[in-house]
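Encoded as structure tokens, here's the structure I'll be asking about.
Letters A, B and C mark the chains in the order given here, with residues in each chain numbered from 1 onward.
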Amino acid sequence: MGWRKYFLVARLSMREASAYRVNHVVSFIVVAAPLIIVLLLWETIYDQQQKIAGLTRSQVLTYFILTRWLFELTGPAVWWEITSDIRDGTLAAHLLRPEDYQAYQFASIIGAKLPYAVVGLIVIFPFALFIGEAFLIPDSGLVWGGFLLSIALAMMMGYLFTYLFSLTAFWLEEGRGVELLADIAIPFAMGSMLPLSFLPDAWEKFLSYLPFQYLLYFPVNIYLEKLTREQVLLGLAVQIIWIGALLLINKVVWDMGLRRFSAVGG
Amino acid sequence: MKYVRLVRLLLKQNFLRELNFRGNFFLAVGTNALWFLIAIIFFGAIYLQSPSIGGWSMDETLMLLSVSEIVHLLYKGLLGKGVSRIPDLVRTGRLDHLLLKPVDSQFLVSFYRVDYYSLISLIFPLALFFRSLERLTISLTVGQIFAALALIFGSVFILYSVSLFIVSLSFWLTQVYALHALFQEVFSLSNYPESIYSGLLRIAFTFVFPIVIIANYPASFILHKHIGVLWLPVLFAVCVWGLLARRLWFYGLRHYSGASS
Amino acid sequence: MNAAIEVENLTKTYRVPIRRPGLKGAIKHLFARQYRNVVALDRISFTVQQGAAVGYLGPNGAGKTTTLKVLSGLLHPDEGHIRVLGFDPWRHEEAFKKRIGFVMGQKGQLWWDLPAHDSFELLREMYEIPSRRFLSTLQELVERFSVKDLLYVPVRNLSLGERMKMELIAILLHEPQVLFLDEPTIGLDVMAQHEIRLLLKDYQKRHGATLLLASHYMRDVEDLCDRILLIHQGNILFDGSIDEIKKHYVPFKKVSFTLSRPVESEEVFSQWGEVQEYSGSQVTLTVAEHKVTQIMQLIVTRFPVVGVSVQDPSLEEVIRVAFSTFDNGQGGRDGVA
């Protein structure tokens, strides 16, 4: 029985997000301006060289267009709805209902992000045209399959991180520090600023041990066919392991937080 | 004279006000520092792989980055906090009080809040600025120093005018906050070397979104790089954007109806 | 005496965008907006003499705040001729702004985290009040308002009543000649309301200031004002003193008798007026004003009366009657949201 209500939540939140789709289009168009500038920068960098840090000009341009879109789907954030539920005590009302709060928020957040995915694709399209032939499109179904699967897993991971970051509201009166981390450091570690292969080897190696590159860098690398089949399979497995680990961590943190929540009196 | 005294008083009051939130200090300055650090890493990583970006060396780009950051922090510190409050003031009708004062409303609204954290954060780009100056062995005459300062403050003024212009749209639109944030994002890319722009886009990003002007012009001047007619576009942008922003602000006030009927 | 406020045919219409639901509506809205015109003020005219205190009454959305905002220069009027102290408010002349004050009950202007004194300093600079005068005015105000000890306490630590007093001082510091008051006592407890009213009255008397007060609290109006403007749906329904308005709309008094022993039927009384209350030994009648003396004599001679009292209808009742007669008479016009 249990699943239907979460589908309903997702649908509701999707509809709510769709109500603002004109805003999405407008804001995406304005986002477009920075993307043009980013593309111009990289065009210029590739003026003198064929290949930098193992990436061709086409690959880099495609990389930045794709990551701009994908980031909206998988990037973790401090979710205001959860933190305000915790801080103002509305969480108590959720606890009384026969629902799993994590599943509820999962449905709600994913529902809110899906319309963005569609609108984002439409807005990204002119950029693909702008760079013309340089925009790579893989022709192997296997690559597409791996790419889509890794996006789905990345969205799960992104959500679990969002949830984890938001749970810090149990302890922190004001979550600016966590937001700082989520807004600046993590996008960098995901590869949204630049492909991680541009970094010095030691840095790249260090970041590859962190889970964040699996939110963005890894799926896009599948798309760009930079990985061997074994590497893809291994990466997907790592994503699944991280999802399991995060589920566990979130459970522990949630239980601890809840104890504090009820001790404080909600 | 009255306005000079008012700025001084507002600087003082804002300082006293900030003393109430001492906890925010490290967070706010830390945020600015972290962004700046990531920008340095960004360019550092690129120059690790490529010796130049369209004729700009690493030290030159870092100089540009520091100038860009100085312009942004000066704007954010002195005017930006007041400007970004405008949509909120309009929505809640709290703009009323400021409009009733016998003081120019654009002036008052802009200077009403000072962001000291941004002003303090100026030490990071200033450090990079002087380091780059030394590494590039640039020497400036006194006249050039004043000219550079004029270009920098001209840039601050342009950045301010464009922001005020966008924010003034909140008299008509409700969602101006997102628009404002996004424009800030565009303008944060003013630390890219101007040589990446050519043709129509160069014209667009010089005159429509003047991001080429606001950091590249002062930086190029300091670096003795020649990028064409320098003073004319600056003067043009200062006049046009300053006028547009002021006109739209007062035109918007006509549409201002406060929060309630 | 000179007129402090002159308003002639003031009209203000708001354009309210109409939004249709759905994506289609939203896109349409983006490109071709449709508006509905809502008339907030419909050619109203009135004059206020210098030193007068005028209460501005009307239900929510009647146009009270709109009028105050137009008169203070915050809103641009669509039509009409307006002079406040001889100035056109919309021209925003500094000399004009220095001579008016606008008290907004819900919206404070003091810096929340700083002591009120710091905000006053800023106001001194903005209004260019000479130091000596600033000190003496402030001294006098804090003494009269008895908030001398609170001057250096951060505003956020003050009680609502104390804060309101400070907000008032902030507006009186430059000694405005015309004061616009929009719900000045909203949200305050009864004691604090009373205090604020006294202080305002006191200021008005000492400075001969002109007051235009919009409020929901009848007590505000009754205590402070000698004249009432009744506004409804953008029109002025009535303009006159409190007594006049009572006579005009509710020409009745409430007469109550206490009897030494109960009277069997209440019907005996209904020949003289409408019976409002009847409990055997306690009777209350509404009686036409000109008959009050006559009826009282009649009753006293016929019944064992122990006590008599005659009451005016409350202003609240009067206003209610006024608006309902208007609504019944004129039917539904486009209201103001």
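One rule holds for everything that comes next: a contact is a pair of C-beta atoms (placed from the backbone, for glycine too) under 8 Å apart; a residue touches a chain by one contact, two chains touch by 3 or more.
As the structure is a computational prediction, the values presented were derived from the model and not from experiment.
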Chain ID, smallest distance between chain and overall C-alpha centroids: B
Of all other chains, the one whose Cα centre sits farthest from chain C: A
Approximate Å spacing (C-alpha centroids) for the pair chain A, chain B: 30
Whole-Å gap between the CA centroids of chain B and chain C: 46
Length of the line joining the C-alpha centres of chain A and chain C, rounded to whole Å: 55
Contacting residues of chain B [partner chain C, same complex]: 2, 5-6, 9-10, 13, 16-17, 20-21, 92-94, 96-97, 99-103, 105, 108, 253-254, 256-258, 260-261
Complex interface listing, chain B residues touching chain A: 24, 27, 30-31, 34-35, 38, 41-42, 45-46, 48-50, 52-54, 175, 178-179, 182-183, 185-186, 189, 192-193, 195-197, 201, 205, 209, 211
Complex contact set, residues of chain C against chain B: 14, 38, 40, 61, 63, 65-66, 69, 72-76, 92, 94-95, 97-98, 100, 102, 104, 107, 109, 111, 113-114, 118, 121-122, 125-128, 154, 336-337
Chain B-touching residues of chain A, taken from the complex the two chains share: 23, 26-27, 30-31, 33-34, 36-38, 40-41, 43-45, 47-49, 52-53, 176-177, 180, 184-185, 188, 193-194, 198-200
